[in-house]
Structure formats: C-alpha cells, structure tokens
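Okay, so chain A shows up in both of these, paired with chain B first and chain C after.
Up next, the complex of A and B:
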C-alpha cells in the first residue's frame, strides 16, 4: 500500500529511501548511544575532553562498580522494586475484581460509577498533591515505601479497572450465565471461570503498571525523601546534582536506572504493546 | 425494607469487625516468630526484622483480601435473601476499590479545592486589632478568602508564562508525536524490518522522564575540558563557531528543546497504536482506491486516514492529558526560569520553593479545569461506544 511500491520509483529515490531509514534510526538512538559510550569512558577521557572520540580505555567494570560503591544507587533500585512490585500486585488484583463487577453486573449506579472511574483516570495528579501529602503525614506513612505503594495502588486502580472492565466485557457472557444457572456462587465464577480467561489482560496490565510505577518521579518527590525510601527516579535526580561534572558516572547511573523497564519491555514486548493498544483503543 | 437495611448493616458490621480482628491477630501471632527467626537468620537483626515485616505485611494483606471475598460472599448468601443478594454482589467486588479511591482520590481533590479558597490571614480581636503572639508579631490562622488566590494568580506574570508555555507544548508535542508516529507506522507497515524499526523507536517509552532528561542533558549541555564540548549539539556546532550554551536554557526557544525530549519518548506510543489501527483497515478499500487511479497520497488521506480517525483522536487526547501534567522534564533539567514554566512546574515552585500551598492548590484547580473538556469528551465518547455495544 503506502508508500509507493519501491520497484516503481527511480533509482535515486530508492537509494535515498534505503539510506534514510538506518540514518533516522541511528539519529533516534543517538542519545542512548552517546550515554552508553560516555558511561564506559575513563575519568582521564572526561578531564582531557575526549568526549566523542574513541575511548582510550573501556572502563565498563570500573565505572559501574564505582556508582554502586560510592552512592546508594543499589538502595534506590531496591526501593523501586519494593514500591513497584506490591503496586502491580495490588492494583491488578483490585482492578480484576472491580472490572468484574462493572462488566458482569447491571446495577443502578453502574454507569455513573464507571464514568467516575474514567474521570478519575484523567485527573491531573497535581490536584491531589497537597492533601495526599498531609494525609500520608497524618497516617504516619510519609517517607515510607508502604505509603508510596499504597497511594500508587489507589491512583492506578482507575485506569486498571477501565482496562479490565473492557476486557471482561469482551468475554463470552454465556459462560457466566451457564455457570449461574448451575448454581455456582459468584465468587467461584470469578475465581474459576473469569480469572483464568483474564491471564493475557493480567500480563499486559502488569507490564504496563510496572513501567508506569518504576518511572514515576512526581509522587516519589512528594511522598519520600532521602535514600532510605526514595526510588531510583528520585535517586537519579539527586545523584545527578552530586555528580555534576562526572559525566561518565551520570551516564552509568542513568543506564542502570533505565535498565529494568527497558529489559522488561524487550522481554515482554508482546504484552506491553497489547496493553498499550487495549488501554488506548477501547 | 427495614429488614433489608438491617441485613445489609449486619453484613457490613460482620465484615468490618471480622477482618481487622483477623489482621491484628495474624500480626500478633506472626510477631512471635520474630525472635526465633532473628536467631537463625544470617543477616543482621535489623535487616531480618525489616524483611520479615515486609513479608508478613504482604502475606497478611493477601490473606485478608481473600478472606474478605470469601466471607462476604458466603455471608451475603446466608444473611440476605436471593433477590437482595443480587443487589449486594457488585458492591462486594467494588467496595475495596471505592474505599481506596475515596480516601486517596476524591477526598484529596475536594480538599485541594477547599484549600485553594483559603489563606493565612491575621487573627483579629473582637475590636478589629490583630492578635499578637509572644514575639509581638501578628498571629495567622487559616481562613476563607474566596477567590483571592485565583485573582492573585491571574495578576502574576509567571502564571501567564505558564499558560503560554502550556499552550505551546499542547500544540507542538501531540502534533509532532502523531505526525512522526503515523509516518513511521505507515513506512514500517509492510517493511520486512518493520518489527525491528518499531522496537527501536519504542525503546524511549520504557525510560522514565527523569532518565530521559538526564540522558538528553548530555546532548544539550555546554561546557567541558580542554576546549572540547561535552554536549553533542555544541560539539557538532563548534566548527561553525556557534557559542556553546545549554540549549534548553535559551530564552523562549529552550522550550522546544525540552519538547523534543517528550516527543522522543512519546512517538513510540503513537506509532504502536497507529500500527495496530492500520492493520485493521480493510485491504479492499485500498485496492478499490488504487484501481480507481488514486495516488498513494490520496489513498492515505482520503481512504486510510478517515477509517482510523477515531484512533488518532484517542492518541491525541491521551497525549494532551499527558502534556498538561508534564513536570519531570523541566524539573529535572532545573529549567525553572519564568519563560520555561509550565502549570505543573509553577505549582511545584509555589508549593515547595515559596511555601504557598494555597496558591499551589489554586494552580492545580486551574490545571484540572483545563483538562475537564477533555474528560467530558472522553466520557461522551465512551458513552456512545457503550450504547453501540
């Protein structure tokens, strides 16, 4: 279809087209390539101004051990996992149940509540900032991983419920009706019939929520401070301030910070894309 | 009727008493395990304590939620007659979510609105003179001041900078992402390397905004040693005798350098969604257009685009909302001069740097208002989709 079949065009255009794609790709990845390259340079390269030439030595091991030894980056990453994993479990399981209720039952407030969920999905998080901070302070959850995770669960549930509701709605309703007429209890229907069918949605949503939460910076900034409980995004920001001129360390740090979600993406690419498409198109 | 209410109350009470009781019991019982565990654990007592505490919390939370569903369902069946049970069922599934959303979403939103109408005002004696504290300074209490925070904002220059920049971002970022994403989606649609190209374009989407900002700082930065430039842009421009600078700090145009970071991240999103949509366009319609002699451009704009118009709209709304909330990128680049402010960064600045929580709340409410039309549009669209089901 589009663009014009290559065979029909002139040779020059064809060559230009062939060359344009790799060039564009390199350009797209240039920031990442630059950072990766800088992250293995030696301090000598940095001080002598050898930023863009061939590195005099590959200091991969030195630089990456240096950031783990001289900064609490390991701690930050550990915190990120401590926030992200419970959030994924909590938000996905709550939304499975809420989505089930919205998709399966017809009750008076169904639509109204459902629209509230849609609206909640779009609420700018800034509007919650000040009260949520006060709330976590008074609950004693300020600057704790638990407080951050709890809030993330609440904030993600809106989106997740929408996602799950749409997925369950597309399942064959006859299955549920058949089970009901057999006298199976609602909880068993949910647990033994609907839940197994939701596996692809659960996988997709988990990957998506993992990336969202791992990459969150705003709430980490509002609800935590210090290496004790801050996740890697906030950690990267404070390290960035410490390392101002140590470009090789900044680069290594940002690579380490980006690695878990990027790895997750490459390993679960199918689910990730399925999640994005399902979340947006429906 | 009264009997029904009684039954529902009984059910709620039973669940409300039973669950916290079990949770406390489990916590107390499991804390008994701590001492023997600390004795055999190879880790330091402090670390062991923390890890076991985390494990206990997770296990108990899961147990309690399972227990909640099991008992509430069984109890509902036992206590309530079938016709009532039918009405209660959905609420049993929704209750935890609604509770959480009320506490962390609805209440804070309303509280922000209330806060935006208050300020510190001097406490007055009955005769109208201010109450003084021990140091002889007037004492302040929180009080209702109507829309004064808003009028203050409307009169401030920074606010209008934030509005101008937000509009700029709103116009440039979604448009560029959609145009770029669509181009890539169309080009890679039938290409043998399509999957590979898409993966590459998609990678930035997995990186956090802060991470991306730090990465791009390497590209836009100025400075370095030995007459060399650390920033790629400055290094490339050096032969042309362009004065090195931090490109995202340039007056006004710096905004566009920051936008490019967000475009870099979000193009992958637009591309993925459009790719899926393009695959849904029936091949016959394109064939028919081609047989009728339509050019490729005509086919795209007249045949393909109208069929995936709905998807374009979805991507556009998603990006608009995302852009309005953008905060991390300018913040991480410490681009906090007036001409780089966005609504979200202005808010953080008033809250954190100037300690004016009430004015920050007013900014948040204005931010919310700008999103309301988009929300309504989405609700309306979903409603239409539901009625078409």
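Up next, the complex of A and C:
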C-alpha cells in the first residue's frame, strides 16, 4: 500500500494524522457547512449580518416550510423526478441492448458505430443546442418534461453504451457460445443469460445517470421555462433572483435541491463509484 | 418467415438490438452536429426565413472582441482546471489509509461532486460576497482590503474556476483512490527493499501504475473545462461587462437571450468550440482504437 500505512509509522505521525483528518474534512466542506448553518438562521440574523456567528435562533422548521409554502419548489422537485426517472429507465434499457450488440456480434461498422457513440458523448452541448431546440419545438414537446427527457435519454445512451459494451465484453463469451450451440435464440440469450449478469452494471449506471440528469442545468434552461415543467436546477436559479438577499431561503432551497442525489450516492455508494471510475484501473 | 429468421438471426440480431439506441442517438446527437454546422452559414433569428450569408458569421467572429475574451477565458479554464488532477492525487494519497472511519471520510470528501453545479455556484457566490462572504471576512481579519471577486474583471474568471475546481478535485480524487487500490503491493515492497520512498517512490513506482487513472482524469477534466457553463451562468451571468464569458456561455447568450436570437452566429461560435473539442475527441478515440487492437 502507498503511502506507508499509518499504523506502521511512529506514534507522533499517527496522532498527527488522526488530528489532521477531521480538520481537513471540515475545511474541505466548509462551504457546505456554512450553507447548512445558514439555512436554519432567522431573517434577523441575515439582516444584521450574522453569517458566521452562532445563530440566535434555530429556524429549521420555519425556513424549510417557508420555501415550500411560498414558492413552487415542491413542483420543481416533482418535475426533476419526472425527467430523471424516465431518463434512467430509457437510457439504461437502450444501452443494455446497444451494448449487447456491440459486445457480442461481429459485423461491419461495429467499431465505427461504437466510436460514434463515444465521440458523440464528448461533444459540447452548444453544438446541439439550436437543432435540438428546433426538433423539440416541432415535436410539440418544448417546455414539457417529455421533451427534456427524450433528449437526455438520447444523449446518455452514448455514455451508457460505452459502459455496457465494455462490461459485457468482460463476461465469459463461452456462456453465449454454449447457449447458441444448444439452439437458444439470440433474444433469449440476451434476456435470460446476459441481462441477469448485467445487474451490477445496471445499478451503477442508474445511480450515475440519476445524478447527472438531476444536476443538469443547461438543457433545463434551453428546453423548459416556467414552473410547470422546469426542474429544480433551473428553478433554483429563478428563485435565487426572487429571493435576492434572503440567503437563509436560498440556502434551504439549495439543501433541498442537493438532497436526492446525495441520498442516492450514500445509499448506492459502491455502485456509484464503480460506474464513475470505469477505466481508472486496467 | 421462421426459417428465414432462423438462418439469418446472427446477422439480423445486432441491428435489432442496436436500432432504438442508434435511432435516438442519430436524431438527437449526430444529425444536430451537422445541422449546427449548416446553420452557422445562415443569418437566422430562429423563427423567420433563414438567409444564406456564407462565411459572414465567421468573418464577424474574427473581429469580435467578446469572442476573443471568451476564447482567452476558455484557455484559462483549460489550463487552470488541470490543477484538479494533482490536487486530486494529493487528496487521494492523504486519504489512502485504513484508519477507523476512513470510508465515511472518503465519501464526505467526494460530496462536492455529487451536488449540482447550481448549488456549488450559489455557495461560492456567497463565499465571495464582498461584505459578509467568508473570503472577505477572512481577508479583513488579517487586515487586508476585501476583494469583490465576482465584480472585478481581473479576478472574476479565477474566482469561478476556483469554484469549479472544488467538485473536479473530488472527481479526480475518487479516480486516484480507485487507482491506488489496484497498485501492485509486491512492486511497492520490492521498491521499499531497494530503499525507494516518498516522492521517488511516487514518481517511479506509483505514478506509472496510475497511468489509466491519470488518463481518465485528464479526459474528464478537459471536457469539464470546455463544458463550463453552469457556474458562469449562476455566479456572474458572464459579467462584469462580459469579462467572465467562455465560448459555451457566449454562444448561449448570442443564440437566445436579451441580446436577441442570433442562431446563425451562435452556431458559428459552437462550431469553433466543437473544433477545439474535436482535437481531444480524436486523441481519445485514437487511444481507444489502439487498445482495441491490442486486445
């Protein structure tokens, strides 16, 4: 293990490390800690500039109720779910199939099409913006969660296919060959042999795509407007304009917006990291 | 029919599996790239008639000062964003221990990457606030003048990049932590017997084994830098006086915002950004291609 395991070092180093760890952690998360603290402050604290001292009162319930009662934040959150969940299902299913096709079959164009998926995944959003907005308008899906989800499904399919293809490629190919020689059809091979083995990949991609889409801001801006269809990221931005210097409300809103992906991350940590670090080890 | 399927299923199956994904991807990603390139030769407000004007958009771009400001900022982003890689490695080395509670510490360090850039942007604009932001409270407490980071043309881009480095460092850290986990312990033991330690060990033994992690870290950081839009939109909206724009933001601003709908001009900016990105994409594909062939 590198660096040298702390247990093998001198007592001084060990104690120093023990002490440094929480200090570093607090320092690293200072901005977030500050937000969490501010979200429970009272308006009086904010106006008197008491941002960093001890809160004069804990307004946890008041502030969080206030943002839900006086703003459409609940609606924004609901919209985010309505975009995110179909995207996860759509992108993961499409990429399971596409990844299977790329990994299992030899056909002309295989590598070419696969590289197209990879390359498309890296393009700057701005080169897609005008045509995608037009397409969404002409489908009558502008300013709907459907329009947003359709684009996300298509775009995320690129990354997910790369992931799925490499995952299936690493499975033992003999399984498929054995099934074929038994006369099992290709669809049954996909459904009954490969798909059950893909569970970890599906889990990893689901949490990853959930977080990516939940946090998307650019496309929400381009394809939606107004509280009926806007997800929380874009919503938070417009609320920020309304709230002006009401930092306790901005903070509470930020916390609410950040909560679902954070929970997702903590519940599915192992899968999340497996997805994110794909390719980081040989 | 059945017999036909039986005979050809090996050849047909891949296309059936591929069809839905390929269709969506072509319609929403591949075709739009070409459409954008074509729109960049038109004068178009997004609603009325398109008017073909050849390379006029690009000529205008060549004399547009705001374009050069954005380009310069893009270079700044690209260069400074790279700091996330050594920073991430440093944090990963610091955390690669097995003391009690380390797992939770690692996940907490990763936190900034999980939350939305909108939240990161809000948090940092507040951190930089000239009258009560923590940065300036700190500066004043050591007797320095407060700096209105986001309102100062000199500082604004650096301020936003610093905010971006926070989640990006977390991302690189997690890549390196995974990489460090897979480093061959025997090689480390052997190197220790040869009396290699500290930086020397890191440079000659560890880093070469971390190459795949470094490669991914570079890829995601370059893309992150060129995609920078969210933070700029949230923290400054391109200001003050357009000094914090990058190409991605300038394109959006030109294509639709209070400056009017100039789709053609916006598309031209997007094409330039795309061309820059293409250099990296080709490099990445070339590496993938080599890996595929050696497999």
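The rule is simple: the second predicted complex is superposed on the first by the 258 of 282 C-alpha atoms of A that agree within 3 Å, B and C clash if a C-alpha of one lies under 4 Å from a C-alpha of the other, contacts with A are read in each partner's own complex, and residues count from 1 in each chain.
Methods note: a contact is a pair of C-beta atoms (placed from the backbone, for glycine too) under 8 Å apart; a residue touches a chain by one contact, two chains touch by 3 or more.
Given the structure is predicted, the values throughout are model-derived calculations rather than measurements.
Trainee: Following the superposition defined at the top, how do chain B and chain C come out on chain A, clash or fit?
Mentor: Once both complexes are aligned on chain A, chain B and chain C clash.
Trainee: Where does A:86 make contact in the superposed view: on chain B (first), on chain C (second), on both, or on neither?
Mentor: first
Trainee: By the touch definition at the top of the document, which applies to A:181: first (chain B), second (chain C), both, or neither?
Mentor: neither
Trainee: With the two complexes superposed on chain A, say which partner A:48 touches: chain B (first), chain C (second), both, or neither.
Mentor: The first partner, chain B, only.
Trainee: Which partner does A:131 contact after superposing on A: first (chain B), second (chain C), both, neither?
Mentor: both
Trainee: Figure out whether A:18 sits in contact with chain B (first) or chain C (second), or with both, or with neither.
Mentor: second
Trainee: Applying the document's definition of touch, where does A:118 land relative to chain B and chain C: first, second, both, or neither?
Mentor: both
Trainee: Tell me which partner A:146 touches in the superposition: chain B (first), chain C (second), both or neither.
Mentor: The first partner, chain B, only.
Trainee: With the two complexes superposed on chain A, say which partner A:95 touches: chain B (first), chain C (second), both, or neither.
Mentor: A:95 contacts both chain B and chain C.
Trainee: With the touch criterion stated at the top, can you tell me which chain A residues are shared between the chain B interface and the chain C interface?
Mentor: Looking at chain A, the two contact sets intersect at 1-4, 21, 25, 28-32, 34-35, 49, 51-52, 94-95, 97-98, 100-102, 104-105, 107, 110-111, 113, 115, 117-120, 122-132, 135, 150-151, 153-155, 157-158, 161, 185-187, 190, 211, 214-215, 217-218, 233, 236-237, 240, 247, 250, 254, 257-258, 261-262, 265-266, 269, 273, 276-277, 280-282.
Trainee: Under the touch definition given earlier, write down the residues of chain A that touch chain C in their complex.
Mentor: 1-7, 17-18, 21, 24-25, 28-32, 34-35, 49, 51-52, 94-95, 97-98, 100-102, 104-105, 107, 110-111, 113, 115-120, 122-132, 134-135, 150-151, 153-155, 157-158, 161, 185-187, 190, 211, 214-215, 217-218, 221-222, 232-233, 236-237, 240, 247, 250, 254, 257-258, 261-262, 265-266, 269, 273, 276-277, 279-282
Trainee: Using the touch definition up top, name the residues of chain A that touch chain B in the complex.
Mentor: 1-4, 21, 25, 28-32, 34-35, 38, 46-52, 82, 86, 89-90, 93-95, 97-98, 100-102, 104-105, 107, 110-111, 113, 115, 117-120, 122-132, 135, 146, 150-151, 153-155, 157-158, 161, 169, 185-187, 190, 211, 214-218, 233-234, 236-237, 240, 247, 250-251, 253-254, 257-258, 261-262, 264-266, 269, 272-273, 276-277, 280-282
Trainee: Could you please specify the touching residues of chain C with respect to chain A in the complex?
Mentor: For chain C paired with chain A, touching residues are 9-11, 13-15, 17-18, 20-22, 24-25, 27-33, 35-36, 39, 46, 93-94, 96-99, 102, 105, 107-112, 114-119, 122-124, 126-127, 131-132, 134, 137, 166, 171, 174-176, 178-183, 185, 188, 197, 201-202, 205-206, 212-213, 215-216, 223, 226-227, 229-230, 233-234, 247-248, 251-252, 255, 263, 266-267, 269-271, 273-274, 277, 280-281, 284-285, 288-289, 292.
Trainee: What does chain B use to touch chain A in their complex?
Mentor: 54, 57-58, 61, 65, 69-70, 73-74, 77, 87, 89-91, 93-94, 96-98, 100-101, 103-109, 111-112, 115, 186-187, 189-190, 193, 197, 199-211, 214-219, 224-230, 232, 235, 264, 269, 272-273, 276-277, 283, 286, 296, 299-300, 304, 311, 314-315, 318, 321, 324-325, 327-328, 331-332, 343-344, 347, 351, 357, 360-361, 363-365, 367-368, 371, 374-375, 378-379, 382-383, 385-386, 389
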